[in-house]
Structure formats: structure tokens, C-alpha cells
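Supplied in C-alpha cells, the structure appears directly below.
Letters A, B, C and D name the chains as they come in the text, with residue numbers starting at 1 for each one.
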Amino acid sequence: MPFLNVKLGPLELNTPLLTASGTFGFGEEYASLMQLEGLGGLVTKTLTLLPRAGNPPPRLVETPAGLLNAIGLQNPGLEHFLAAELPRLRQWNLPLIVSIAGDTPEEYVQMAEALCREKGIAALELNLSCPNVKKGGVLFSADAALLETLVSRVRLAWEGPLIAKLSPNVTSIVEAARAAAAGGAEIISAINTLRGMVIDVAARRPLLGNLSGGLSGPAIRPVAIKMVYDIYAATGLPVIGMGGIMHTADALQFILAGAAAVAVGTANFVEPHTIPQIAAGLHQYLEEAGLDNLQELVGAAHL
Amino acid sequence: MKQCQARVLDLVEVKGGFFSLTLYEPYLAATARPGQFIHLRVGSGVAPLLRRPFSVAGADPAKGTLHLLFRCVGEGTKLLSRSREGELLDCLGPLGNCFISSGAEPAVLLAGGGGIAPLIFLAESLRAAGRELYLFYGAAKSADLLPLEQFLSPGPVVKYATEDGSAGEAGLLTAVFQRALAAGLFPGELFACGPRPFLAALAQQNQRRGYPLQVSLEERMACAVGACQGCAVLIRRNGREDYLRVCREGPVFQSTEVVW
Amino acid sequence: MPFLNVKLGPLELNTPLLTASGTFGFGEEYASLMQLEGLGGLVTKTLTLLPRAGNPPPRLVETPAGLLNAIGLQNPGLEHFLAAELPRLRQWNLPLIVSIAGDTPEEYVQMAEALCREKGIAALELNLSCPNVKKGGVLFSADAALLETLVSRVRLAWEGPLIAKLSPNVTSIVEAARAAAAGGAEIISAINTLRGMVIDVAARRPLLGNLSGGLSGPAIRPVAIKMVYDIYAATGLPVIGMGGIMHTADALQFILAGAAAVAVGTANFVEPHTIPQIAAGLHQYLEEAGLDNLQELVGAAHL
Amino acid sequence: MKQCQARVLDLVEVKGGFFSLTLYEPYLAATARPGQFIHLRVGSGVAPLLRRPFSVAGADPAKGTLHLLFRCVGEGTKLLSRSREGELLDCLGPLGNCFISSGAEPAVLLAGGGGIAPLIFLAESLRAAGRELYLFYGAAKSADLLPLEQFLSPGPVVKYATEDGSAGEAGLLTAVFQRALAAGLFPGELFACGPRPFLAALAQQNQRRGYPLQVSLEERMACAVGACQGCAVLIRRNGREDYLRVCREGPVFQSTEVVW
């Protein structure tokens, strides 16, 4: 039986298949549908310091082979998470990755400090697709200097593995990855959603309550693969690849492009068992290819 | 709630574009309550990508069957309308909360257009409990109304309404209902499902009279199990407004708690 | 009968439906399948100063609701175009928009000068999705200063309507649009393809001969609509919108978002009559909506 | 070349995963030549997005029918394999150039796997012209070989080959053909279609002997009419190498001009 365990810098996982932030809640909803132990790890919905109400509806619309969402980071806030969700999450025997975001670097740091005091968190993921309100709304992922400072400040507050999740809505995601690494992140998550919009032709206005949203699903897969490929080629950093993974072959595309692990988002809504199905598919692939472990395939498309 | 493979027993076009679908899935048939829905996978490709939610329009635990009524409005429902007998449909369910009757008589059900499906299930279940029932059913025009006698056992008083007067009473369903109230109908409780403007108008009208009114809401859904927060509606509870999930805390809400 | 004619600054079109550069060749191939006079205008395949051989095959791969291509600007070069294609193109009674690209600003200017001497060209479109070889491969669309200088130099060489076609692979397409306008472009074309990649899992290497390519088709439509919406909101410039238009409703989404005209690319491969079909669809829509002309709908989703 | 609506007359699964499709479209039937192909729209949605190219495997101008042979390998061919009798399929055609026979006898046709379709059409047309014919047909295993007697009129000498020896002669088709040459076969001209490595090996082998060899190439296509430059292959003509279009200048090329 070939091995699916992978090592992403300081983070070791039994299988490379994570849930993508925001698509699996805090695990509770899917717990009744599947064995969560089959997951390589659970990435939480992004938390903010204070609770967020989220965006006005509609928040979702299907697009060709994609999903456009504008949830608006609705979440119960850090305090509630620590009190009510974390204890429950700890009970599952599962690497837990907590995703956080803030409007200012200070908020990220404050959250990292609080989380650093807690047990049972395998890694911290910084959702860097938010605009910095203090710096006039510049995306954290879009300004290398800003990004590096932010990550290095969090680095001081958080001792465990640190993941920087980058936005694809930038000229160079490689530059963002380099800045995150310079700031002290050991792992890159790529990609978050592409900015998009749908117009309701009958109503003659943008369909989403928030006007625009983030595009995910198979539609964006080629864009995500290219970015993972580029980050791997330029930096060699361990990457968690995501964007439109539905089947084993899709996960393999990311792994061959350079992702040491992958995350499944939108596909969970379509088929809750996507992750266990891909785990089985990867096993089969490795066996048929006569390979002992998955690690050999990471980045193999670069040779 | 489970992931099930439901077998297509019967699929008929009741009327231009309206389909009646009978599925065999004993677990769903035994557990589904009026107001709940299932989340169906249509096709196996990437377009349509997401599952599609459909209210349960009836369930027969003895036979293990589940009944859906749907209207062909896009790719997903078109694909569904082409399902073949014997085919297995992947579904999640039963999902959401359900209508809860207080027992006050008579129960008055108000269905606007596509909102009829869950109210048929509710009507059947209240009728089986021996309740006195009125069902108001309205649509834009006669072509949009389903022949209810095909799905409802005799008993409830059914009133049809169309905006253009092509069938039943002429006028908006809310107006037709108002007239019935003026003519002496005294509802014990109200249950409504249909387009949001219709529900909002109903809630507004009802404010003065204050009959207990439960409404079933719709929102676009992705996961339908509560994980994505995509199906939010603004609800006022305990003095604060929050976005709740139609797929978990709903689809049925008290009309007074919905921020219309 | 409502009117479909539109005005994009100095460019007037009888119908707002153009062919997207590179998807209709020089018109010849489709001339035997349809009445070219039904088009609002023909945008040529992008020309370069010298002929280009293009990229090694495979050059195409279908992706979920999309098409990834890496043609590599294969074209016969300006000289051949002027001698062999332009005379033929002039015979169709059709607004002709010539698309050009270069490795350096000088090449753009040289081509603009040569084309300025020719009759029968309704507008010049600058394909700005190419990297500037002299400036170390920076995308023209990605550097506002570079872009403004380039456009202003072409502006001196070309007297007719000038269109800047922008790449979506940038942090801010609005900034690029502003720079193009500052340089003297009157019209913005958006968007060109998104960078993407597909890995051939069996071969364990990138599928395209060129490794990566450009993603087009319905998959990218929400991204394109958002960019058109943003450009319109921020600059008010006339925009030619494109990206995944297959049907009338798609074209209307772009128009409502702010596009004064639209271009059809990938859809031509699927249904050569897409443009005439959408023209008929727009007529019908205007009639049913009781509108006299399309211009009233441009940007209507912003109200 | 035209855009046509071809009616599905007959669709049968010849063998696991291989389908024979007969279409009614008089213009295509009258104008298609061996080597040409049509570009079919499969489904009406966005996935599959592009049309799919298929070689013409036969045409009967008198009956107005066109014959295709295809193998189910992905979403597009799966959808096509579910077409119903009487359905209209939107297609562009006939596209590309065609095989041109010099008349030198015997004509030897070499088909690797899926490359059989256009060679069946060519064989029928050469046979009708009274030509002496050999057809070598190879695949990995017996399950991948079509029963040619169903599609070919009697006449040509047919030699089957499989790599695993499960049918016909054992070995690569190129090796089987080499053996036939060694045993005294003297081809007048060669026509080949199949996977590129097979064609390349054949061209390489043939270099020494120099029989005239026409090969039909495949490339992924978008427009199939010459507009997108997507289906490029490198061809050496008049001393220079250029990317030519499989859909316009091809699919048939002289083996000596292909830069393998």
C-alpha cells in the first residue's frame, strides 16, 4: 500500500487532502455525512477578531463550471470560536488548521497571539485576500512590502507552522509568495477565489447583494494550476494547491505542478465524499504507477 | 440527514413544463416532514455544477416513496426532466426544518406559484390528522397552475386565483385571500410558500390581524447542509438581526421574525 | 425596429458585435459559412511587424467551460497583411479593426505608422498582453507608466480611433485603463485571456507545447464582467467587453455592466452564427423592453 | 463546406465502446471525400464546450447518408453515443483535404487503432474504382479492433495485428507490415492513419524504401475551419518549416514533409 503522507516544511499530514477554508464550516455539518477522520486536515472558515454578519443576500450564483460567492466572511468571531468550536474540533483526531483574517495587521497579530495559547492547532493560515482598511483598501496579497511586514509580525506571535493564503487577483503571485516567505511563512496556499460578477439581466443590476464576489470551482482550475506551477518553480516553497479540484486527476494536476498538498472547496458542495474518493483514487494511481509514495510526484511536471 | 441514491419510479409532465417525480428511497420517505427539502445532483458533469434543492411534495413511508413537483426553468431542471425510470439520483436529505402546526383550526395554506410543492405535503399530513383545511393557490395565469386534484386527497377547500383571471378568482392571491377574510374566514394558523414579494405582502397584510403565519423561504444554495453560509436571510430573533441559513434554521420561519 | 448602433468615442458601429482578435482569422475562413456583413466589425488576428511561426503543438486544450490556447501570435507579419489581406478585407463593407502587438514600443509605433498610411481601417487595437522584451519581460498591461508611454507614442503615429486591449492578469485593470486613456486611447477592450495551465497527468508534464496558455470562454465570463464594470465605474471610458459571450443574455450582461460594444471569441468556434444570432436577440430584447436603442442600456447596472 | 443539421438514422455499439453512427445529410454525403472530416456539436451546453472532429468513414450520395465510427473516450463522445434516432446534429463539413491516389497498384492502407475510420472510406472508394488493395489494421489488443467485415465490401486483403497477439498477427503494426514487405509485398502507394508515434515509425521505416506515403494527422481543434491556428503541425515545404493547419492544409500530408 503506497503512502499518501506528505511533509510541508514543518507540517506533516497523513494524506495531502484538506478542506478549503469556508467550504466546510467548522466541520460539524459534514460530520453527520462522512467520517471526518478520512480528511488530511480541516481548514476552518476564516475567523475575524470580532463576529461578522456577512453580506446581504443573494450570496451565491452558479456560473459556467463555477460558483460565485460573496459570503462576506460571516463568522462568529475569535472568542466564540475558542469557547465553542475549538473544544469540539479538538475531539476529532484531525490536523486542524485555523484560518484568520483582519482589516489591519494588528488584528491578525492579536488573533495569532490568542491562538498560540491554545492546544490542538496544527497550523495557522493567513487569509490574505482581504483589503487592508488602514492602507486605503490595498489587498494584502497585492503589496509585497505590506505583505512581508504583516507576515513577519504574525510570525513573532505564532510559533507553529504558518501558511500564507494568497489572492490570485494580482499581477504576480510569485512576488506575493516570496514576500510571504521572507516574512516567515513556511507554506503557501494558492489560490483564493478570482474576483467576478454576474449581472441579473432581468433586474438590470448585479445579482449578488454585495455586487461582486469570488469565483471558485472547475472554471478557475487552469488559472490555479498555472499559479501553483509558477510559485513552485520560482520559490520551491511547499504549496497547498486548490481551485476546482473535483476528481483524482485534478488533484494530480496540482501535485505534478508542485503542490505538496491540495484543498477541496466547491466540490464538497457537489459531492461531500470528494476527499475520501480522491484519497482512494490517489492510492490506486500510485499502485498502478508502481510508486511507493506521493512525495515523488510533487512538482514532477517541472522535469 | 443522509446521502442517498433514490430510484426514479415515475416521471410525468403534469402540464407544460411542470413535472411530477416519484422516487423510491425508504429512508427519505420515512423521515421527511412537510417543509423539508432534498438536494439533488443533476447530471454528472461540471455544468450544472451544483446540486439543486427541491421541496418534498409528498412521502409514503409504507411504500418507501417520495414525491417531488418541479418546474423546468433552466439547465438543471431540464436535465432532471429527462431522467429515466430506474435511474438513481444522488441526493442529500431530508434537509431543513419543517412547518409546525399548533392545531388551531382551520389551517389555511397559501401557495404562490412554485410554492405549492411543500404545501401539498403539509395539506396531506394535516388532512390525515383530521384537520380542517383551506388551500389558496395562485399564479400569474392558468397555465402556471397545477391541477391539485391529482395530488391532494379530497377534503381541503381549494381556492384558485390567477392574476389575469384565466382560472379561479381574478387578482393577486393576497387580494383573493383578503376577500375571503372579509367574507368571514377565521384562520387558526397560516402557512405560506411562494415568491418572496408575495410572502412579504402577506406578512405585511397579516401584521394587523396577527394570525400565526409560517413562511417557507427560498435562497440560492450551494451546500444545503449549513456549511457555506450561502443561503442567508436576515432574521430578527431575541432583539437582534442575524443572517440565518435557509437550509438549516429554515426554510420555515415565523413571518414576524423575517426582516422583509 | 430598435437601433443597435453604438458610438464608442470616435468609433461608430451599426451593431455592437465584433469578432474578438485571433478567433476569426482575417475573416476569410468564416466568409463561406456566413454573411460577414452581419458583423458589427471585424477585429483581425493580432499582427506583428515580422511574421511569427507561433508555438509548438499542442496549442489548444478544452477546460471546464473554457478553452486554453497558446497559439503564440502566429501571423504572416505586417508586410504580408498589407499586401495580401488588407485589399481583400476592404472589399467587405465592414468596419475593420486591426490588432497589433510588438516586443518593444518601437515595433508598435512602426506598425501604427505603416497602417496609418492605409485606407479602410476603422480603428487600431493595441494588444497589450505581450511582455516588453526590452523591459525584462514586464507585461505592457501591468506597468502603468510603461503603458502610458507606449500608447502616447502610438497616438502620435496613428490618427484614427485607438483601442487599448488590456490583459486581465494584473492587480488593477482600472489603473491600466487609466494609463491607456492618459496615453491617448479612446476605447478600452477588456479582457484578453487569463493565464492558465493544464497538466497532462498521463505524461506528467504541461499539456501545451508552450507549457501555459490563455484561458477564454464562458468559464472566465464573471471575471470579465467584473473588470468591465470596474473600468466603466472608474473611468467612464467606452469599453469593448468580451470573455465568454455565447448568447444574447451574456452580451447584455456586458452591456449593462458598461460595455458599449462587445466581442465574441471562443463562441465562434462553437457556433459560427453566434454574432448574427445575438444581433437578433438584442433586437428582440429591446422590442420587448420597449426601448428604442441599445445605448440606453450601456452601464445601466450601475444605477 | 457548410453548416448542416444531420439527422441521426442509426447508432449502434459495434463493440464495447465503439459506435457506428449513420447520419442523413445529402450535401455532406455528396461532397465528402476520403480523408475529410466533420466538426460535430455535441450537447448544447458549455461543457463540453467545443465541437468534436470525426473522420468520415463512409458516404452514400445516393441515399444521402454519411457514416462515422467513433470510440467513447470522454464526455463528448459519451454524449454523442447517447444521441437518439431522429435527432439533429449540428455539424460543419466536409472539412480538410483528402487522400489522393496516384493509381499505382496495389494501394496499401495502414490503420493504427482509431485511425481506421477514414481508411474504411478510402478503401471503399478505391475498391469501387477497381483497385487492388491491402489493409493492415492493428491495435493493442483484440478488444480494440473493429470487425471490418461489417463496414467493408469484400475485396481488399485485410491483415489484423495486435500487440499482445490476442487477434491476428502478434506485434506492432509496423513490424507486421515490415514482415509483409520482406515476404514480397510491393506497394504502389501507402496511406496511413493512426497515433502519431505509429505514423512517425512508419515514416521512418519507409524512408529507405521510399514508397509514396500519405499520412492523416490529428491535432486538438477549436474552429476546424482554419481561423484559430490551433491545430498546427510543423511541415517542411519548399525548403522551409512552417506550422500548417491540420484542419485546412491537412489532415492528409506527405509523410516526407512532416517534421516528425
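Assume a residue touches a chain if its C-beta (ideal position, glycine included) is under 8 Å from a C-beta of that chain, and two chains touch if they have at least 3 such contacts.
Worth saying up front: this structure is predicted, and the values here are computed from it rather than measured.
Following the contact convention of this document, C, D is the list of chains adjacent to both subunit A and subunit B. The pair with more inter-chain C-beta contacts, choosing from C-D and B-C, is C-D. Subunit B and subunit D have centres, each the mean of its CA atoms, that are 55 Å apart. Distance between subunit C and subunit D, defined via averaged C-alpha coordinates, is recorded as 36 Å. Centre-to-centre spacing of subunit B and subunit C amounts to 46 Å, using the average Cα coordinate of each chain. Rounded to whole angstrom, the centroid-to-centroid distance between subunit A and subunit C, based on C-alpha atoms, equals 34 Å. For subunit D, residues touching at least two other chains, in rising order: 46-47.
Residues of subunit A found to touch two or more other chains are 64-66, 217-219.
Under the stated contact rule, the graph of chain-to-chain touches is complete, every pair of chains being in contact.
Per the touch definition, subunit D reaches subunit B in the complex via residues 45-47, 75.
Interface residues of subunit D facing subunit C in the complex, by the touch rule stated above, are 1-3, 41, 46-51, 90, 92, 219-234, 241-243, 248.
Within the complex formed with subunit D, the subunit A residues making contact are 64-65. On the side of subunit A, the complex with subunit C involves touching residues 63-66, 68, 139, 142, 169-171, 194-199, 201, 204-206, 212, 215, 217-223, 225-226, 229, 244, 249, 252-253, 256-257, 297, 300-301, 303.
Looking at the complex, you find that subunit C touches subunit D at residues 22-25, 28-30, 32-33, 45, 53-62, 64-67, 69, 71, 74, 217-219, 246, 266, 268-273.
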